[in-house]
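Each structure below is given as structure tokens.
The same chain A turns up in both complexes below, where it pairs with chain B and then with chain C.
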Partner chain A sequence: MSDDGSDRSPSESSTDSGAPTDGAPGTESADRMDRARGALDGLRDRTATFDALLILGAMIGLYGLFAIIGTVLGYPLNGVVALVREVTFFTAVYALVVLALNLHWGYAGLFNIGVAGFMAVGAYAFGILAGAPTGSPPGLGLPIAVAVPGAMLAAALVGLVAALPALRLKADYLAIVTIAIAEIIRLALASRVLKPVTGGGGGFGNFPKNPVRGIFYAGSGTDRTAVGAAVLDAAEGVGVTNPEVVIDLAYTLLVVGIVALTYVLLVRIGNSPFGRVLKAIREDELVAESLGKDTRVFKIKAFMVGCALMGLAGIAWQVYGLGGGNVNPTNNFLPQLTFYIFIALIIGGAGSNTGSVLGGAMFAGLLFLLPNYVPRVVEQFVTITARPNTFIDAVAPLASLEVMPFLGYALGNIDQLRFVFVGALLVYLVQRRPEGLLGHRKETASTIDLSERGRPGDRRGTERGRPAADGGAGAGGGEPDE
Partner chain B sequence: MGVRDGYSRARRALGDRSTALAVAVVGGLLALDLLRRLFTGMVAPGQVATYLWTGLVIGLIYGLAGIGLSLTYSILSFANFAHGDHVTAGAFSGWAVAYAIAGSGAAELGSRLLVQASPGQVGASIVSTPLAILAGLLAAMVLAVALALVMDRLVYKPMRGAEGISLLIASVGVAFALRYLLAFVFGTNSRGVTASVPRYTIGGLVVNAHEITLAATALALMLGVHLLLQRTKLGKAMRAMADNEDLARVTGIPTERVIRWTWIVGGGLAGAAGYLVVLKTGTISYSFGWVLLLLIFAAVILGGIGSVYGAMAGGVIIGLTENVALVWLRGPYSDFTLPVAFGLMILILLVRPSGLFGGVTTA
Partner chain C sequence: MSDSNPEDGSGVDGTVGEPVEADLPEDVETPEVVEPEADDSEIEEAAKSVPRGLPLRVQNLHKEFGGITAVDGASFSVEEGSLTGLIGPNGAGKSTTFNCIAGVHNPTSGHVYFRGEDITDLPPHRVADRGLVRTFQIARELPEMTVLENMMLAPRGQTGEGLAHAVAPGLRSGVVAEEEELRERAWETLEFFEIDHLAGEFAGSLSGGQRKLLEMARVLMTDPEMVLLDEPLAGVNPTLERKLLDRIHDLREDGLTFLLVEHDMDVIMNNCEHIIVMHQGRVLAEGDAEAIRSNDRVIDAYLGENI
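So, the complex of A and B:
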């Protein structure tokens, strides 16, 4: 079932008030539990539909926005399709990493800010495993189907090495350790010592060509395969004449497929006994430990799974997604990348998988891509008469109420302004809406809602922290975990 | 239960001690190897002296900037990821003022205020324009203090008492906003700032006037912090808050005022550190403080989070490690100096999370 598990809004939760309280008479209790389960299943289906609609709605909104931008800029159909593809691609890759990070932070409460490092491990391990032995730097020449799992395993193992000692640290210490590890990885990959293996500061470029291209073109030439000919001709028929746009689109669809599989995997993990223990750890590690759970093992496993997914994202995003087929430690894996992903997670709401996808879409579409197009769209409507080179030249005319120089300067430096806005937004979210878009649906550790009890007088745990502690007990006592 | 608990505690203590022992043994061996290399002529004494001097100078910067980070960590209980950008902000504001004074007539005011005028034209250095350099230092500190207070009012004050992680995330937001605001105002290019100054050779060690200025200023500021903490009532209150906030509040210490002073001291020192590091390296760019941040964290963790003196000492140790490591990391291996410093930080966090000077807080 691909729903977001047991998240419910408080208004709906009164339906499953049949929690197995200790003192309830046997038959009546069983009866009530059955009814509650039925209600719960119905609810899950409803949330699943709702989530699907939510993501669909968000994507349609983004597509509409970018289609308008493309039209305003007078793009041909090729260009509009390429624009829509770009939005889809960045949404998908952000969603993929944010989902992985949500497993760490939203589920297990592990504050990992070394995401870029684990992505780098995945990308480089993939290159070394799959690269041509004759290329430079030489690879092992393994097929992609072997190299991708191998790279994910490598990222997971690096995650294990990082996690084994670090997980006993407090959250903020873990943050510092993970960002330091990511920097050590990045600097080591860039070092002259490892240059024969990693390509050093110049980056690694010996990747096999994008497998999706192989569907359309035979060999390395321009001869179209049967599928390629059929699809490309059909695309030309509807007016998409640039084959590169079609190939990029096909690759993007592959990444969307990967995201969908990851989503299903993570929802299943979240609803499994394993996931409930993770949530119990996030809410109160001591309680989980008291119930006999070896919390370190759970945390390490979750950390490794998340790191493997980050490694996969390193391949899908940095290797094949950004065009050149070359990754560079100083361009592709800077610590900033980690923070973009974190911001996307916080926008979406830590603890919710649907929120992770939504956060990825919102960050990628509105904060990452949109500002690139704002200057040109504005110029369609306003004629920019002055483009000063310095801030002072831009601000000084404001004294005589001339706004144009400042506007010109701001549009020319929209890259910087975007991150000022992102920073301010992050502060705003933490202050006013720490749960993000969907974080209020953060799943508690229990399978059933414990925030409401049968009798009104018997209300317990309406506070956020309380049902968690109870839930840990419910999960541990009610069903055989692990 | 009690027995098992005692047993596991004993084992943990023993484990801690054995790792600490291993670290000490490795450190001792490295020191012996350094002596061997010196005596066999594998490395020139002048070279080692240069490493030590450079390490000390940059280490004082880490220490100076680390004091603020350590204070916010102990008194406000969060890791301030915006601290590096406070360092940059101080540097830019200080150099804008220094340039405005130093290069009057040499270049137009606008380009000087944005620290974009050519360093050759402005000719700012401690030898030729000492007053401008001093005024810049003061401006760096004053403006960094103002910035820290504004940020506290806007961002951290509404969140007083929130979890450390929420504050940490907010500080990441501040870091982004601040860094790119600086980039928006001052531009994204990295440029030279100072004019060249005379060098002095003392027995194989080459020292320049800016390094001496930096070391002297940093030591004076550290002495000032020491006097503030030990001799004033405010210092006592700050130490009390760092040790136990609730107890401090119960005793009637005005916590909000102590917090304000924490930002004033920490922000001012961060600004000074940023200004001085530009004086030494001679270049400025909008992201240099962010790059320094992890090393400042390393200094603070090494000295023990919350300890002001630990931050000073930790800074010097990190600076020395980073530079003396070059004795072993030769040629292409010199790319690993930063990883070594970060590795040392991780090792300390794992082996001795309370820092080298173990749990001694600001006292």
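So, the complex of A and C:
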């Protein structure tokens, strides 16, 4: 088509005024395309704006809640800022892993229950690549900019190894293989045999220092850089006197940036023919195959991308996020981490990237962090008079309407009771709201809005397209359009 | 197959490549090709003037499941641009044959050729990639995808199915242009099947008949060269049956080739210009409706008699 156009272009451009010769004939149709695309983008943008507002609203809600907690507990400004940062950080890291898992499970229906294992591969590979050669255990001393992609690649390759045999079989086998591989990884990392490389059960601590710290402090000392001095002074000016809070906040913002990029990446993957095939595999793999899609290739690609992101999350979360500078197979990568992430995904709604972020925020804020503060907040208002040690001692007084022992017991053991609550919530969600917080959403997997017929001038099409775009869910009656 | 007396195959329609009667040593009145009646004369004319190819050839197909032989040396061909029916009583091996062609089963022995290429051991997606696309007996829509998504999934060789094209900003614009074209085709195809008012619905919310239509429409979106229809009319009401058949005839007139697997005798007799009857894993008879109708062995097979 463009060839036809360029043939005619000399004659046309002689009459045209200022248009560049070779672009002239194509421009008109390109313009029309752009206009059509602009209209479509408008529609798209509306849902994108809605999603952004949704996430923003959730975060404001969480911030409000934790600001109140901080105030009730009488935190100074430092403490309140640190609390808000903590919420933001855990929301971000949960969102990152949940997004990756959503690509596996939400899109392609790949039941990966070895998330913690792939995070461990990312964290350890990063440490081995970037650690100082003189440290213990020694690393290769590569720059962080090389080590992070390298670690992601390592996680992706471990994912490939797990996926190749399992994807030949039915979906359940992938679940078995992934949980097994995650445990194998965890136990191997802790084993004495690999101690010279991984640090064994004591963990790996030879990570380069957090690059964000380098923005504020020169070298390893306490000399502030120009940027560091300016920012820290400004922070002190508004009352945040603890420089660690500021540095943590800066790092958290970096992680939020990574999550934003990941979100964009995954939305692009989801809203494309590639994502469409993934969805089809989730729905009915034989159909995808019978339409000529090599489903194994799609599954492997999606699995590797997701694993790479989990590896990245392993670095951002377990290595630099928790402040210890040390990762340990038995502290950082237990199977329960995987289940937390699954619950967060189920809360948000598998299959939706926005839902993934929202689920990450809700889980991190309300189920992961909130219980840590509940006992202290309650004790601000209620004086706990009894703290029984056993469940029987806690429950028995309920018969005589004495609530205090039970309350004391519950608050004292909230860490353990959280598991009970999370389990109950999971049962409830799967029973009552399997589609997650956002409900049954139509996130069409395509680069364009399908309900809108693209050709400008096709009035019939646009008329027909619009109602479907606005109220598609209610159009089940099948109103006759002609 | 060892007995390959050419005399046995003499009565078979000359345009069919394989002497199928070779399987049956006893010559029990091979089906005569009766001169077509008025309604089929056009097709016959076309066949005479332009010798039509045989895009699909099945040669001596065997398929065993454990000790059970489901297909026992079936051989037949499908003519270019024809609506060929594959029929037989329950357990005749139709579905197994169908699945062997589509690549779902690997036959124990024998060959399937599509456009001269041996596709016997190709997996389903490679068979479909060559333009030989199937439908399913029970319509398999992708329930959590909209009707349009179902449609847009189907086209073969979409560049946006590559991960890089899906993500990279420079490459993605090409994908957008391609998608706009496909979307137009998807809408047109939905209109053709009169389900365009359902375009935005989840496919899972469609009625059984609408799913059948969607399945046909989706197959059409692959721009197939030949379509394998697995009982497209099973469980379909008469109105919809008429509609589906009309669409199939429309498409065949546009040059599309169909192999239709059915166990409803009437549907096949009234619609297919060439009919292959299977029984006990073999091809029992071939020919047009008249020839099949008057074939004693077919009648016996359908009455449950052993021959």
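In this text, the second predicted complex is superposed on the first by the 397 of 482 C-alpha atoms of A that agree within 3 Å, B and C clash if a C-alpha of one lies under 4 Å from a C-alpha of the other, contacts with A are read in each partner's own complex, and residues count from 1 in each chain.
The definition used in the following text is that a residue touches a chain if its C-beta (ideal position, glycine included) is under 8 Å from a C-beta of that chain, and two chains touch if they have at least 3 such contacts.
Since this is a predicted model, take the numbers as computed values, not measurements.
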item	value
Partner chain in contact with A:351 - chain B first, chain C second, else both or neither	second
Partner chain(s) touched by A:187 [first = chain B, second = chain C, both, neither]	first
Which superposed partner A:108 touches (first chain B, second chain C, both, neither)	neither
First (chain B), second (chain C), both or neither touched by A:364	neither
Which of chain B and chain C A:176 touches, first, second, both or neither	first
Partner chain in contact with A:434 - chain B first, chain C second, else both or neither	first
First, second, both or neither for A:269, with chain B first and chain C second	second
Which superposed partner A:423 touches (first chain B, second chain C, both, neither)	first
Set intersection of chain A contacts, chain C complex versus chain B complex	none
Contact set on chain B toward chain A in their complex	78-79, 110-111, 113-114, 116, 154-155, 158-159, 164-166, 168-170, 172-181, 183-188, 294, 297-298, 301, 331-333, 335-336, 338-339, 342-343, 345-346, 349-350, 353
Chain C contact footprint on chain A (complex, rising order)	33, 36-37, 265, 268-269, 272-277, 279-280, 282-284, 286-295, 298, 301, 305, 351, 440, 442, 444-448, 450-451, 453-455, 461, 464, 468-469, 472, 475-476, 478-481
Touch list for chain A against partner chain B, complex	111, 165-166, 169, 171-173, 175-177, 179-181, 183-184, 187-188, 190-193, 195, 339, 342, 346, 390-393, 396, 413, 416-420, 422-427, 430-431, 434
Chain C residues touching chain A - in the complex, by the definition given at the top	102, 104, 123-126, 128-129, 133-134, 136, 140, 142-146, 148-149, 152-154, 156, 158-163, 165-167, 172, 175-177, 179-180, 183-184, 186-187, 196-202, 205, 218-219, 222
